[in-house]
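In what comes next, chain A is part of two complexes: it sits with chain B in the first one and with chain C in the second one.
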Partner chain A sequence: MSKHMNLTIKVWRQKNVQDKGGFKTYKADNIADDMSFLEMLDVVNEGLTKKGEDPIHFDHDCREGICGMCSLYINGRPHGPKTAITTCQLHMRSFNDGETITIEPWRSGAFPVIKDLAVDRTAFDRIQQAGGYVSVNTGGIPDANEIPVPKPIADEAFNSATCIGCGACVAACKNGSAMLFVSAKISQMALLPQGQQERYQRAQAMVNQMDTEGFGSCTNTGACEVECPKEISLTNIARMNREYFTAKFFKEEEMH
Partner chain B sequence: MGNFKSTFSSTLGKKLIMALTGLFLCTFLIVHLVGNLQIFSHDGGKAFNEYSYFMTHFPPIKIISYLLYASIIIHAVYALILTLHNQKARPVKYAVYEGGKNASWSSRNMGILGTVLLIFIVTHMANFWFKYHNDMVPFVEYRTSLQTGETTVKEIPASEFRDFVKYVDNGVEIVRAKDLYQQVSYAFQNVWLVILYVVAMAAMGFHLYHGFWSAFQTFGWDHKKYMPIVSFLGVWVFAVLIPLGFAAMPLYVYFTK
Partner chain C sequence: MILDAKIPEGPLAEKWSKHKFNLKLVNPANKRKYTVIVVGTGLAGSSAAASLAELGYNVKAFCFQDSPRRAHSIAAQGGINAAKNYRNDGDSVYRLFYDTIKGGDYRAREANVYRLAEVSVDIIDQCVAQGVPFAREYGGLLDNRSFGGAQVSRTFYARGQTGQQLLLGAYSALNRQIHEGKVKMYNRHEMLDVVVADGKAQGIVTRDLIDGTIETHAAHAVLLCTGGYGNVFYLSTNAMGCNVTAAWKAHKRGAYFANPCFTQIHPTCIPVTGDHQSKLTLMSESLRNDGRVWAPKTPEMAERLRKGEIKVADIKEEDRDYFLERKYPSFGNLVPRDVASRNAKEAVDEGKGVGSSGKAVFLDFADAIKRLGEDTVREKYGNLFDMYYQITDENPYKQPMRIYPAVHYTMGGLWVDYNLQTTVQGLYCLGEANFSDHGANRLGASALMQGLADGYFVIPYTVGDYLATIGPKPIDDKHPAFAEAKKSVEEKIAKLLSLKGTKTVDDYHRELGIIMWEYCGMARNEAGLTKAKGLIRELREDFWKNVIVLGKNEEFNQSLEKAIRVADFLELGELMVDDALQRRESCGGHFREESQTEEGEAKRDDENFAFAAAWEYKGYGEQEELHKEELVFENVKLTQRSYK
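Let's turn to the complex of A and B:
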């Protein structure tokens, strides 16, 4: 049998980008402790809908921790109090009966609020489009194992590639920096043979786009690494710095 | 040149400037500490005063000292530029913020720690550097008998002092110098100044606890094998040993003079 609890939630409500927004307090009663955090919000929204009020907008999609769509800054931390999980994987048993939970959207100038808790993360898409790709020739399909990759390198690239682009790193960072995300995307390709063609051009283009979007500058606090649901490590940021400075100081001719 | 300009105006480039100037200032700390250890030698400040003359007059060291002043200014100015930029990156602040749950206190307060250090550096230079360069310190004459090795110390009036001299006359080595040592002993009679120095050194410890390692991370020099060594040096040498060494000086003077 699951336990049930009564909670108070303080939620950021904002009609649209122009609206100033503010907190509103709601009751979340009779919440089962094996519900996910998003299901708790579903319950609250059902109540609001029945009363004819506007339900709370929040992002979600897969609800199994793989798409990166869910967000929410819960009690002062992105994705709530647990580490290495997304909000959809956060269960209500992490909270206590009678608790007040404050829920805010990701706060970043580059992630404008669309409505309530939903923010616009297309800045990440534009960074990806600037260089997060590899060139592939058309023609006959090459054999899958044609290019050997050492196992440790393949593992490292895979680790970087697990970034789901959720933006928790930006939300967690006191500087609003996106460097963990950008470095994971640069790393996953810089490590593999398939990513070599655009290697230095990519580092410059993606960092450039990151700056254009107005993200902050990293001060190596490591908050991103702690809050990242996929445990992307700071090593990636060091690698990005290396890639970028190598490109800028020694390989500039490779930049178009 | 355009390339360099665009490199150093990017967020990564500005970080690089912070790291370069910061590490340069770290290396200076070692030199400054080792030299200043002469405060502890019981010779009426002779070694210390000769050393201060050397440090202010040997050309290569003079050049480095100008680089040093520049580094302090650049480090502070870029810190300000980056802080303002980062504040703009989050125009609406969080209502609830649990920064302590995911990052160290030092790493979140580099700006405050740095400001304490800047105030300290200004006071420090006003007290010693400025007074030394503007003849606002006493003058001293040391006479050391080359046979017995005995030294007599005599304060001399400003009218008798022309420039630093060191020569041997009739088996007696004579040194005339600006008596920075006396100025140090005098300044550290003030308990508030001693407290400021000790607090500033604590701030320096915390600043370097995050800063030293951080510079290497910014360069992109992280390596499974070598990063533990860098972290070890950052914590034990730069955040503990060096600040302790510096803090010991005003305390020593205050309690023994």
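Let's turn to the complex of A and C:
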């Protein structure tokens, strides 16, 4: 049988991007320990709605840890106290009866708040648009098995490809750096044979866009790696730097 | 109106090739004079938007999520089928076609399914070229696994997140076209109506979810790639935002809705824990390759287990009933989803369920771990096991998973012809949102295949034919139909915001879900369905009097978003019940208790029901009109499905 608890939540409320915003405190009573964190917020929101108060707005969709839509800075940590999961996978059994939980949006200049806990992460899309692809059109492709990939390389590329684009890395970083996110895509493509043709162009274009969006620099604190729900490794950043500097200094002829 | 499926003449294997030749082409220099709207950016939408932009058309793409990468295709776990025959185990285009038709319980169109199987091989090539990191063997070539309803290994996969990897591939192709300026992307925009002018779809009405701006967009053709309607059940494995609104608005503007009662209940989901439950989580069907489904042999033993008097480990091997292996020796745990789900329900109904609610059976990996070792099992299913552990706090390496069926996919959807065009000219429907390829039951790993087939390899040909026919003349957005559609959206929103009732949108949604699951879920009968119809009508009436929707339109307003979606589910629910009522046979996921064999298996009635039911909207609250598309089977022989 599930246990129940009474909690206090301190939530960041902000009407829109212009609003200054501030914390508000709510009671979350009779919360079952097998509820997910977002289900706890649902319960609070149902109560608020019935009282005629605007419910707490937050982004969420798949609720199974893969779409990357949910965010939330919980008690000072992106996606809450546990590692290798997203907020939607966090369950209330990780909290204790009587506890006060502080909930904030992602904190980064490059992710402006839309309302309450929802932020604008379209900067991530624009970085991907700058070069996060292999330029192949639909159709006229040779048989898939004509491009063999050694399994260890394929596995490593896959590890980079598991990034869900949630932005926890940026939120965790004291500099608001997006390097873990950007390096994951650059790594995936740099490792695979399919990515070789545009390898250096891609690295340069994506890094330039990242800088344009106003993300900070990396000072190797490693907070991003600790908080990443998909455990993307810091090695990706080293690989990105190598790709970027090789592009900058030795591959000018490959740029377009 | 007579439904013309426009199936090309000639032998099955030549239909698509001949049809492609017969379709009109748009001159490369003229393509840039056309605009195409794509709604939804899952596998079908992203692949269609990217492919059409590559051809030279101007594309406007819309998604309600904050990024196109988050569409719910992302959550597909297990894999994607393709008739590559890389395993040398007897696969072929014809076998994939046959398995899909049979798996769908002979309620899909032969020509569409054959085309799907035919282009499946190109999909894998396309995805690999994009850099999708499929699982590989040590020789560097692609790996495969087997899936339910097939006796060959034709499923390509990327650990347990095939959907995410395929979607990121399509998203990358889309991004390239956004970068080129050929696709204009609208994130956080929801489509709320289709503009039909002079009998043709010429645009849509959208709401900007951030500031509430309602505007119209004009185009030469509109493609709906908006996914399924499983959330009509409130609890499903769909994402929270999945909805029927785009398809339903199209339906109300003249697109027929086909086979709405064909819903897929997936056998392996994590059981419900309480009233607070907001969604259900699927455990990939691929787990049934190595997991064995069982329940205690007797209700008494199950009860002692539920009460905690004994532990799972105390149940001896001979007291465990591996019911799928026992009843279906040749397919065993890999029977199709509908069969597996019904058998789990049967075990629970007989009192043999496990877990605190008693609504679960076991999926056990002990044998696989013994045979392959924990490391190999982790390599294959690690992320699924982790996911299970996160949700239940139980370690599936040490004790069997508890699973129970949940709504997962909807085979029904907008009726489309062979060209994927709905009954409204210029309005197309792709992927899960249409009804075309899976009949009454979809096989595992076939949803990803269909989404990408439609988007990459079908629509670029078929929509060209239509565009060539209408010509590149600009669309006149001053046509009164645009203003009328926009006004109807504004009025509906104003109405919702004015109600100030006492029940929340979720209260209504949850109640609708209970009605649907109880009477239009895994087993259906005349009396229950008739009752459900009345209950849904009452609930809908009450909703329009008594719902609370706070705030205003001109802001980020998640209550309003939900209210608009649930209002449409309340209309769709009734149509699903009507469809289930008229189909007095059992087939695939639709199990009518009045129509079963002596052994309790689904019994089809081919003489009376070998048709696709296409419903025509007749006005709010009016009985819809049924049109039948007779299904003609020239290549496969209709037999009672047997997986014994």
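One rule holds for everything that comes next: the second predicted complex is superposed on the first by the 251 of 256 C-alpha atoms of A that agree within 3 Å, B and C clash if a C-alpha of one lies under 4 Å from a C-alpha of the other, contacts with A are read in each partner's own complex, and residues count from 1 in each chain.
To be clear about the criterion, contacts are C-beta pairs under 8 Å (C-beta built on N, C-alpha and C of every residue); 3 or more make two chains touch, one makes a residue touch a chain.
Here the structure is a predicted model, which means the values were calculated and not measured.
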| item | value |
| --- | --- |
| Touching partner for A:Ser94 - first (chain B), second (chain C), both, neither | neither |
| Which superposed partner A:Arg77 touches (first chain B, second chain C, both, neither) | first |
| Between chain B and chain C, more extensive residue contact with chain A | C |
| Which of chain B and chain C A:Gln201 touches, first, second, both or neither | neither |
| First (chain B), second (chain C), both or neither touched by A:Thr8 | neither |
| Touching partner for A:Glu227 - first (chain B), second (chain C), both, neither | first |
| Residues of chain A touching chain B in the complex | 10, 23, 73, 75-77, 81, 102, 104, 107-110, 172, 174-177, 207-208, 210-211, 214-223, 226-227, 234-235, 237-245, 248-249, 252 |
| In the complex, chain C residues that touch chain A | 47, 50-51, 54, 65-70, 72, 74-75, 84, 86, 122, 124-131, 133-142, 158-159, 161, 163-165, 168, 171-173, 175-176, 178-179, 185, 187, 210, 239-241, 273-274, 276-279, 281-282, 356, 386-387, 390-391, 393, 456-457, 460, 502, 504, 506-507, 548, 550-551, 555-556, 558-559 |
| Sites on chain B touched by chain A in the complex | 3, 7, 10-16, 82, 85-86, 88-99, 101-104, 107-108, 110, 210, 213-214, 217-222 |
| Of chain A, residues touching chain C in the complex | 1-2, 15-16, 32, 34-36, 38-39, 42-43, 46, 49-50, 52-55, 57, 59-69, 84-85, 89, 91, 93, 114-115, 118, 120-122, 124-125, 128-139, 141-145, 147-151, 154, 157-158, 161-162, 164-165, 188-189, 192, 194-195 |
